[in-house]
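What follows is a set of structures for review.
Next, two complexes with chain A in common: one pairs it with chain B, the other with chain C.
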Partner chain A sequence: MKDWVKKHPREAALLGAIAVLFLLPLGGVDGFYTAGNLRNLAIDNLPVLLAAAGMTVVIVAGQIDISIGSQFVAGGIAAGLLARSGLPMPAVALATLGLGALFGAANGLLVTVARIPAIIATLATMVLLRNGVLRATGGDWIQGLPSGFQWFGLAPASAPLVYLAGAGLVFAAAAWALRHTTAGRAFYAVGCDHEASRRVGLNPERRVVAAFAVLGVATAAAALLNYTRYPTIETNGGLGFELKVIAAVVVGGTAITGGRGSLIGTFLGVILLGSIGTVFTFLHVNPAWEKAIQGAILLVAVVADTAFGRRREGTSP
Partner chain B sequence: MNAGGGRPGRLARHSPNGEWVLIVVLLAEAAVFGWAHPRFLSWENTFEIARLAAETGLLAFGLTAVIKTGGIDLSVGSMMGLAAVALGGSWSLGLPVGAAVFLALLLGAAGGALHGLLVTRLRVPPLIATLGTFSLYRGLAEALTGGYTSYTGFPAGFLALGQAYLFGWLPAQLLIAGAVFLALWVLLHRTVFGRELAVIGHNAAGARFAGVRVGAVTLRAYVICGVCAALAGVIYVARIGQAKADAGLGYELTAIAAVVLGGASINGGRGTLHGTLLGLLCLIVLQNGLRLAGQPSEIAGLLTGAVLIAAIAAAQVLFRRSVRPVAADASVSENPEEFTMKNHQLALLIAAILGGAALIAVSNLFLARSVVEAGASIQTATHAAVAAAPGGAATVPPPPPQARRVVALTPKAKADPYFVSCKQGADAAAAELGVDLLWDSPTDPDPAKQTEVVEAWITRGVDVIAASCASPEALSSVLRKARARGIGVISWDADAKADARQFFVNQATAEGIGTTLADEGARLAGGSGRYAIVTASLTDANQNEWIKFIQARMAAAHPGMALATIQPSDGQRDKAMTETRNIVRAYPDVKVIIAVAAPAVPGAAEALKQENRRDVKLTGLSVPSLCKAYVHEDWIQSIVLWNTQDLGYLTVRAAVAVADGSLAPGATSFSAGRLGTLRVEGDQILLGKPFVFNAGNIDDFDF
Partner chain C sequence: MLSLRHIAKTYPGARALRGVELELRAGEVHALLGENGAGKSTLIKIASGVVAPDPGAEIRLGGEQVTDATPRRMQELGLAVVYQNPTLFSELSVAENLCLGEDGPVISWRARAERARASLARVGADFDVERPAGGLRMAEKQLLEIARALSRRARVLILDEPTASLAQGDADRLLDLVEKLRAEGVAILYITHRLEEVLRIADRFTVLRDGAWIGVYPRAEVDRARLIRLMAGRELAELFPKAGAELGEVALETRGLGHGPSGLRDISLTVRRGEILGLAGLVGAGRTELARVLFGLAPATEGEILVGGRPARIREVGDALALGLAYVPEDRKEHGVVEALPLVENISLAVLRRLGGVWLDETAEEKLATGLAARLGVKAASIHVAAGTLSGGNQQKVALARWLATEPRVLILDEPTQGIDVGAKAEIHRLMGQLVREGLAIILISSELPELLGLADRIAVLRGGRLAGVLPAGEATREAVLHLAMEGAET
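On to the complex of A and B.
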């Protein structure tokens, strides 16, 4: 136990913070610790969790993507239009994931082939996609979806559990693969030292494109899980999604400079930042304070990173 | 930059990153837009562009210093909001306005110093440090004002900072931004400090060994950036006349784009302040030109993205400068090839601009044609007047009667389903009357961006403007200007100040809406119990007004009703669902939910459905088409609204009547086509009482 804390100070600190947060509603607050509320909390954070998994890969590889909010809504709208055109839901899902891979790969190519710094390239694609969506839909919601769209046609009572189980399995598999497979480790190598990874024969450009594509697929999956919760699709969704996701990843201990980070940390980061709003609502705190407190947590997390003397130079976990 | 190989030529010295290309781009833009619309090339429009660029410009100038060190500051827009609130708050507490401005600037310096310390002392990556303060500052501004307090009524001397024209033509803020530009230019390009910034950006470790005090210099760069952001916030307040927590929302993106387009490397080291200025002008001129050409703002957004990619990609690929931080030798062999490369870069950029223009023309051939025709007719009619007073003080006579009238409507937010349905009615009326309809606004309600849309219409010389004001204070100053130029002005949906418009097309008063919603809520709750409100964002002026009247009506007529909580949905259906689920669990005794934003009602309904809470009733303000299914399933008991299509229809009818003089002050009734004759009370045209839609009648409406 002590060893684990020493080896994983960030994860331990996050667990502590989460414990404190979840202790708050114990004192005389009804309704927080019910199966239904915890299930809601989990399913609300599922889209952020999936996208954060992809974002962890991109940031570990030394890049960043701020266009995922636009990708998110574009994925939802594409899924809705395809479903409305009569495509069966499995095909809709596959096509949406494929589109996500395309969006991601396009970002990756802008970064590697056109050599545009990631933050600028994805700033541009963020603006492009958002305005493209608006141009294409005129702001109208996608309505008249087939009945099999919501919850993929599953029973509304069991569907959330299926979503949770499915996303949980995928996330666990990704967490394992990022740490224990050659392909996963390669992202760390590229993010740690681009040139060194080239010298050992890793083809860093291809890995970067792959990282962006992984994020694109993860974002499309997040969009599917989010928008199939509804019978219609809104066209201005996903605003600020990228900031939520990046904040969770960074609070989870992934170094923005690349080469360091884990999906376990990301998982904890998503739980911490994603639960604050709900806990505060149950504590009857004025919602105006929510944003300020989330910003403060992010700052405390990154300052703690250096104040406790963590190794700063990129090393694998 | 140009180390070795002797002293470089004048051009290479002043534009080490190919900044001169941007001048060519600017000229290309001017040529394209000048052809599309004659008034684009007027002095008046030139100063208008400069006026609107001042705030973003201040952010971009400060950011240039930070980006040169290899850092970034994402929090500049949020700092504008915090500075605005600090200024308004301290002024309302009795501080003289000068001291309040000073305090706001001091706060900017403190914020910048905080970033500097985080980055230099604690070695937090700048992107992350300022991502944290991005939320923190905005959050503080919202928390301090509860989101809804806005400070207005500033003295005229202060407002002059953002609204006055010196000598009748020189906007005051242009003077301030110009002074800051000159000071920073000298600092960045003619002092040791400026060189040190660049050296740190190239190689911080090397700079340290060379005796540069890296920490202190970097800190100063962030302080400069913070003060510039606070100053931008002050000017923003002066320009729109109100201080509120949402000032500067989203401004950081344009500012960063301008710096990068101006040739600065996001990895540090490279970048010039005049490059930033040119980059900014390229972006602003693009937006302004497209607005004048009557193009919707999405097109400007699409082209901005495309130009950004094209410009940076061209610079990166053709300069063959590695962007990889590991390649330390990249800056050695850069000079000899630069000139041939720049020609390619130039070609690419111009191709991007012209391609964009061609895209617009093809995608919207009719509009393009009508724009050119309308422009030509205006030109002939007003040639003498414009020529006589190039400073822009000319009052523009109405265009000759044979030209099609141009009616410009601005909704608060274009993507809002409520306004999307208004547009259907507006289109119908425009077709009946044979007028050209311009319809534009920002995608989210943003008073500053909305005033920019209207400014462009004034310059363009439309016949009549109808505005649904995201903020009465902000829009009124620009609407007054429109009236002074002889353009007909009415307001619709959300009123401006009474002297800024001729008529208000009143769909229902805030009081009427609040009262109807409160009565519906009390009826559904059976007269007593707790109720909760789901609003748009906590800073939304209209919603806050309705909520005020809901609470007042509840207190006066339904004493048994008690407010449990108000939760924000940020105008997003997803968040409305999450918040509603939390409300019904955290406040189990809530009997009725009142949702006061169009997307929030279906979101709340989906939440009740998924929670299976038949005991909680739901009413609110929304569009029937989004709620129909839920109303039939009885998850929504009723929605309160007027006929939005009729509102759009009536607005265009009234606007045209104001333009041709058939609707003048003193009228008591107005014949509005298919709507029959409507009552006019004073300067308000009344659409009728708010309408309650329920399962019995909702199928009769198709909007």
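On to the complex of A and C.
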């Protein structure tokens, strides 16, 4: 136990913070600890969790993608339009995931082949994609979706549980793969040192494209889980999605400079940042505080990160 | 094992290599020698597949003709390079650094740890394989890289300046390891500036000069002097030209100078125009700290500084510059040249304010840079190439040029010849002689005693942040300086 805390200080701190947060509503607040509320809380955070898994891979590989908010809404709209055109839902899902992979790979190619820094390349695709969506839909919401679209045609009572279980399994598999497969560890190597990874025979460019593609697929999956919850699809969705996701990943202990991070940490980061709002609502705290506290947590995480990094490099005075 | 023939490499605007041959046998330590910029690095890059040679080259490894040399391919054929600055994944664990890309698709961490320990044992190392590699000492990093190379069944091992940043004890252990590997039949190419090392372990020597192949010589045919001659292509009769300048009035004086935080106390020194004052002392004795105080990087907390006989207030670098002080720092890469900027901008950096008012006078800038580059003998294709592309010696000249552009009265040089080759070293020494003849005062910090003894008019020895004594050139001997630097009884 003590060893675990020593080796995983970030995870331990997050667990502590989450414990404190979830203890707060125990003091005479009704309605927080009900199955319905907890289920809603979980399902609301599922899209962020999935995208954050992909984002962890991209940041570990030393990159960043700020276009995922646009990818998110584009994925949702693509799924809606395809479903409305009469495609069966499994095909809709596959096509949407494939489109996500394309978006991600395109970002990856801009970064590796065109050698544009990731933040600029994805800023460009963020704007392009969002305007493309507006142009294509004229800003109208997607309506008249087939009945099989919502919850993939599952019964509304059981569907959220199926979503949770499915996403949980995928996330766990991803966490395992990122730590225990050669392909997963290659992202760390590339993010740690591009040149060194070339020298050990990895192809860093290909890994970077792969990382972006993984994030594209994860974002498309997040879009599917999110937009199939509603009977209509908003064309202005996903605004600020990338910030939520990146914040959760960084709070989860992934180094923004690449090479270090874990999906366990990301999982805890999503829970912590994603639950604050709901807890505060039940405590009747002014919602304005939610963002402030989230910002403060992010700041503490980054400061802890740089202090930790410096100590390890041995350059601290 | 490895044979390179007819190797040439032309970069835009510069010819890095021509007609180079290299043959490496199993069970031999082969030294590759040459001044900085002679083409050693380019040759290694070609051998390891990082850079493609010009057409016509012939590369053979283990009897096999290699036509498509990529890093991966050369590695598979059993060639490994250990670079001067280890290319490790600092965030990843020792075990992972050793085993990366060597497992199947799924990783067993336990098997990894065992393999890692075995690899380390082979190089005589034993450290925690779960630590991140970034936390290792330099010597440990070198061992880790060699272990990694060996674990990939390397038959040809290229060591690029492996001991450059190691202390003597660690360097000795590394040389022992090289000898052990030779006995195991590994072919080793050893690149270094430390001639004593290769004279101790190498069987044959290949010498390059200005990108050309000079020859290959068995151990029995060479000695230190011959190797230096071959590398330099000229006799370096006098390594340290005595300045022979006339001493003028006192240019800089300190009285009871001190800086609390770095433990510097009660330093009273003078340096005259036309004089080279050597600063000796062990690492941590306060030599660099004194330079920083004089230059306003760490303002003095006690005592006073007089420049040209008048009390001076040096609270920041701007003050020091205005008083005609210049400081060429120790670490070229960190603080000396800006690698990404072209030569011309590196040289004009400290005098931008003087080169025109609101708008930069670029004609004047180029004129200044061209003049200084020529005067210092900077070897570069043009003054518009990035400083980072130059060899160490040339970078040092650029750093020097920048500060000479400020037309200083007192020049502080911190380890100006560290890590640069003999030829460039001699040029910098000659230049220092010329500068003092022009009436400059130079404060020379150096860890190389022969350099201090040969150049300085007086040597001030620091010990534990205090002045242990000042020796005039006549009385300064190796023993006398070391005596002052190390004597620890009375303080």
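Of note:
Keep in mind that, in the parts below, the second predicted complex is superposed on the first by the 305 of 317 C-alpha atoms of A that agree within 3 Å, B and C clash if a C-alpha of one lies under 4 Å from a C-alpha of the other, contacts with A are read in each partner's own complex, and residues count from 1 in each chain.
Please note the rule applied: a contact is a pair of C-beta atoms (placed from the backbone, for glycine too) under 8 Å apart; a residue touches a chain by one contact, two chains touch by 3 or more.
None of these values were measured; they are calculated from a predicted model.
In the overlay built on the shared chain, the residue A:W289 is in contact with chain B alone; chain C does not reach it.
By the touch criterion stated above, A:R185 is placed in contact with chain C alone, chain B being left untouched. Looking at the shared chain after the overlay, A:D193 reaches both chain B and chain C.
Of the two partners chain B and chain C, more residues of chain A are touched by B. In the superposition on chain A, A:L87 makes contact with neither chain B nor chain C. By the touch criterion defined above, A:A105 lies against neither chain B nor chain C after alignment on the C-alpha atoms of chain A. Within the superposed three-chain model, A:G201 lies in touch with chain C and out of touch with chain B [touch as defined at top]. Of the two partner chains placed by the overlay, neither chain B nor chain C lies in contact with A:V170.
Contact with chain B, but none with chain C, is seen for A:L298 once the two complexes are overlaid on the shared chain. By the touch criterion stated above, A:A17 is placed in contact with neither chain B nor chain C. When both complexes are aligned on chain A by C-alpha atoms, chain A residues 193, 195, 255, 312 touch chain B in the first and chain C in the second.
Chain contact summary for the complex, chain B toward chain A: residues 72, 118, 122-125, 127-129, 131-140, 142-143, 146-147, 253, 256-257, 260, 265-267, 296, 298-299, 301-302, 304-306, 308-309, 312-313, 316-317, 322-327, 414-417, 419-420, 443-444, 538, 565-568, 570-574, 577-579, 581-583, 585-588, 599, 602, 606, 610-611, 625-626, 629. Those residues of chain A lying in contact with chain C across their complex are 180-183, 185-186, 188-189, 192-193, 195-202, 255, 258-260, 312-314. For chain A in complex with chain B, the touching residues are 29-32, 34, 36-37, 40, 44, 64, 110, 113-117, 119-121, 123-128, 130-132, 134-135, 138-141, 143, 156, 193-195, 226, 229-232, 234-237, 239-240, 243, 246-247, 250, 255-257, 277-278, 281-282, 284, 286-296, 298-299, 302-303, 305-307, 312. Within the complex, the chain C residues that touch chain A are 50, 71-72, 75-76, 81, 87-92, 96, 100-101, 103-107, 109, 132, 134-135, 148.
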